[in-house]
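In the two assemblies presented below, chain A is common to both, partnered first by chain B and then by chain C.
Then we have the complex of A and B:
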């Protein structure tokens, strides 16, 4: 039995395994590291390389090095600036709304189910169920439901007196709402479940003690539940933020970026450049820019919000 | 003189032999190759049957694979090409992709193949508008197979009841729309609003073209185009036309076959399906389906552009010349008039061979097609011409259809929308 070496890290004493084990540990993690390098970092490096070439998807000759040409195009060409600004704006609007819907409604539902008795568990399952269905299938179902003339939504609105059929997917303002309806329906159950499990982890002692001190339900929610849910909120915020920024399938199935690019999110624009315009080179620079934006925003969010997260009750 | 003639003859023969020798026509027995397609349902069944017949006849083995729609095939093909493996020897692709495929030489030039097997392909028998659309600067990128066009389906029973005919001239179109609307109280026409291919003919027949190649600007920046946009908008506002821009395929079919509109501007390949549903009264109304060609515009023309599935041989070297040759043999087989008639009968795609409707040897098969699909006789396949071949045509087309939707359905001012649209198309063209 080898002795461990005591060491002080962040004021705590921890036992470090002897140096002898360093190489065996290294070789144990090596396959995973290699796999990560191959499937994650190599494609990123390749993307950077492609961004300096003139690679069109359909070309049969080898792409040539073109220097900063694609980067110059990205920041100076009229068309690029027009579509890039629009896509960033659309993506941001979608992200803010989707986070609000998923986290907001998810939290409310979790709070509700936390107080409901066991027989209501099936409702919880019903709300979580859409998560199991592929987004493309959900998109097709919503496409039918939202059909202007034959969709069930407009038929239901007819029953309550809205006889003027709403063009859900063709209207400039409603197309994004329609997509949010779909992704919200699809994602809210997941947030609800995560919040619910976090709520179950909060000791009832806090609520009992605060009740004795005369705290109202709203005050308990504001001063006990919300702070103790902050690590969960941060986790859900970051994951929902990243998945919202990368939204694609729902847009592709339901609106194809329309009407007039009003739902053309960043990933859709990147895909469009690569596979409709066949411009892998331009798609690569746009993807890299998007990657940088995502990285900066996520890192800043974590830095800012970490200060308000309470990990220990 | 005789000597000179003999020398000349020998020289010509040698040159011919050298030319032929450049193209290796050999196909070993049992050659195997892959064929990607996009057809489902009845169309796939007919295709499978014809491919099996071909295999039995030639001894070649065809791996027939359904890949998905045209966009999926494009993505798969381009990706396989980039990877340098898994490229099929033969595939179906839609017409608009051909320009970039030709520019990048992603596909074989079929001219040497046509020259090598002239009798089997009988190239001159294709409708010239169709083959012209599939060549670029003499490079024959594809051959016609499942071709379709942008035509009008109308309720023939209603027209008989009203005692009017479907208009053949654009100048009569407004009156026709008004009459039908006043008679039925419903839109006279549903237009496919998310694919410019359907309404673009109305513009080109008014001399307004998407791209003016000489100036590299849009030809839609003309008074004719603006006037047409204003006319269409006024008809939409009056309720004569419904500009469908969401869930288009389902809406057009439901509207037409349920009697919610009297006509639709859509793809000719829907004929068999629409006819079946309408004649059986599956959506509550029973009527006879009529077909109308594009109306003659102010240019005096009623041209159309062929669309749909073409057959291409990818140039990627991962397939051997023998496999490519075998693939061309399959093209010859599938596009032969007798197979085309069988295909047309099942799919209601266009007849691509002139002889199919004129040669007495196909008279019986042609009559059988017309017995089931009588309006096929109305189609004028001689009005098909080649569309402007430009790599950015589709990109500009996207902008065109988006602005048209905004003008027709979202209240955008026609003149303002038209101006901004032209500016955006011009920016796109400048950004090549």
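Then we have the complex of A and C:
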């Protein structure tokens, strides 16, 4: 058995005796940990290895090591830069918009539905429900609703005078708007529920005390609600950020990256490199870059916002 | 006196009118949010003429239930359902079983490296399938698991999120229960499944529901692994319906919607039954 390290308590070195060691407890966690290592950690290591080879999908001979070739391709080649910057840009636009929609509307809805009666509970459940329906099914519903000639949205727009049918999914800018509509509809209920539960956790004392001091509703929202919701906002920001960066399903179903790559997000690009260009090696470097961006942004948001987040005592 | 009465009543009235505005707003938003689902149902009951008409038909007077047979005739829809159900059950079983065992080990177990291994588990949450799919695909292809249930299952066989949530819940159970069970001669597995799991039932149900939804709605990985029609899962299979009518895809949206509706019915049923657990479960996750 391993010897325990001496610990320093009150300036004195104390040797804490090891607690009883149970092999059986270790074996309880072992299968899960081994499988996690196999399906998440090992692929990342393998991804790094692949990024230094010339691996093609259709290759019959063993791949060879080519050094930093793929990495220089990623950051210097014209074709790479064009598609990479495009996909980064598209993903960033999507992520920023999606976070704004989900968190902004989610917070507004949480205020509106913060009413503890039966009808409101029912309506909350209705708003929350889309989240559980597969994005691929929702995508087809929206494809149909946004259909240029027969879609219900264009027909309703006729009522208000927009008679020339809008080509939602074929337009450079509207294609992204369409995807945002779909994913916003899908995700806003979740943010509402999380915000709502946080709102219920805020003690009414704050509001009573502040209204005695003459604070208006808007002031209360600005100086009480928002600061006390900041841990929730941080949680939602990080989870929505990660899920937005990973967006693929909605794009694949709605636009397949088009028109003219205007919705070709990062994951779509990585997938495309691997399975349509057959360039596993290039796909691997791009995937690693994507992973690095995910990690860096998540870690830095946590670090920066941790200082500005208010936790209720 | 009368002046006094109005002075008392007026703020009350203001609150009441505020409530009416709130109700109206809430109902409008709910209608907007439910509309796409209503439109799916309504379209699935229309005739081709109604789908292709320039006039908007909100609800068909003569519902065409026959549309629901189309997915079964055109694509092996029953097979899709079966595949999805099987893979979902496999994933639920392994995720829950491994999750419960690991959660017990991480919450009540005593062994060296417990903290380190737990950090390994938490770290896995940061690595999405969208990053790891290429090496996983290569491995699956090499061991011949392409187009198999096992191939789809393996990527979702264990979830660090499940382990984390269950562990947080198991931590709240007092050690004395386990001690008492041990004194009474109950084994470790017995105390896990007959004490811990029943005592943390709400979390276990929530986690089970999350894994069910995750399995049923999974798209990215099955799309990569399964290339044979007969092995498709529903999420990938319904996409086939889009192009099942030849070139003019819009003409049969009534039949496509029937297929989409059939594919989401199980989710509706589960949502209706376990709605409360789902809502509370997410709240719990956010609070951690």
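The rule is simple: the second predicted complex is superposed on the first by the 273 of 313 C-alpha atoms of A that agree within 3 Å, B and C clash if a C-alpha of one lies under 4 Å from a C-alpha of the other, contacts with A are read in each partner's own complex, and residues count from 1 in each chain.
Note that in this section contacts are C-beta pairs under 8 Å (C-beta built on N, C-alpha and C of every residue); 3 or more make two chains touch, one makes a residue touch a chain.
Bear in mind that the values here come from a model prediction, so they are computed numbers and not experimental data.
Trainee: Specify the outcome, clash or fit, for chain B and chain C once both structures are aligned onto chain A.
Mentor: These partners clash in the superposed model.
Trainee: Taking the superposition as given, does A:144 touch the first partner, chain B, the second, chain C, both, or neither?
Mentor: In the superposition, A:144 touches chain B and chain C alike.
Trainee: So, does A:202 touch the first partner chain B, the second partner chain C, both, or neither?
Mentor: neither
Trainee: Taking the superposition as given, does A:24 touch the first partner, chain B, the second, chain C, both, or neither?
Mentor: second
Trainee: Give one of first, second, both or neither to describe whether A:157 is in contact with chain B, with chain C, with both, or with none.
Mentor: neither
Trainee: Between chain B (first) and chain C (second), which does A:88 come into contact with in this model arrangement: first, second, both, or neither?
Mentor: Neither partner.
Trainee: Once chain A of both complexes is superposed, is A:77 in touch with chain B (first), chain C (second), both, or neither?
Mentor: First partner only, chain B.
Trainee: Return first, second, both or neither, reflecting whether A:177 touches chain B, chain C, both chains, or no partner chain.
Mentor: Neither partner.
Trainee: Determine, under the contact definition given at the top, whether A:238 touches first (chain B), second (chain C), both, or neither.
Mentor: Touch status of A:238: no partner.
Trainee: Which one hits more chain A residues, chain B or chain C?
Mentor: In the superposed model, C touches more residues of chain A.
Trainee: Tell me which region of chain C runs into chain B after superposition, given the options 168-176, 204-212 or 222-230.
Mentor: The superposed arrangement places chain C into chain B at 222-230.
Trainee: Overlap of the chain B and chain C footprints on chain A, residue-wise?
Mentor: Residues 143-144, 147, 149-150, 275, which sit in both footprints.
Trainee: Could you please specify the touching residues of chain C with respect to chain A in the complex?
Mentor: Interface residues on the chain C side: 19, 22-23, 25-27, 29-30, 33-34, 36-37, 39-40, 43, 51-53, 56, 98-99, 101-102, 104-106, 108-112, 114, 117, 120-121, 123-124, 126-128, 130-139, 154-155, 157-158, 160, 163, 188, 213, 216-217, 219-220, 223-224, 234-236, 238-239, 241-242, 250, 253, 256-257, 260, 263-264, 267, 270-271, 275, 278-279, 282-283, 286-287.
Trainee: Could you pull out which chain B residues touch chain A in their complex?
Mentor: 71, 74-75, 78-79, 81-82, 100-101, 103-106, 194, 245-247, 250-251, 254-255, 260, 315-316, 394-395, 402-403, 405-406, 409-410, 424, 427-428, 430-431
Trainee: What residues of chain A sit close enough to touch chain C in their complex?
Mentor: Touch list, chain A to chain C: 2, 18-26, 28-29, 31-33, 35-37, 39-44, 46-47, 50, 109, 112-113, 115, 119-120, 123-130, 132-138, 140-145, 147, 149-150, 152, 155-156, 185, 189-190, 193-194, 197-198, 232, 235-236, 242, 246, 248-249, 252-253, 267, 270-271, 274-275, 280, 283-284, 287-288, 290-291, 294-295, 298.
Trainee: If we count contacts the way the header does, which residues on chain A are in touch with chain B in the complex?
Mentor: 56-60, 73, 77-80, 82, 143-144, 146-150, 167-172, 255-256, 258-261, 275-278
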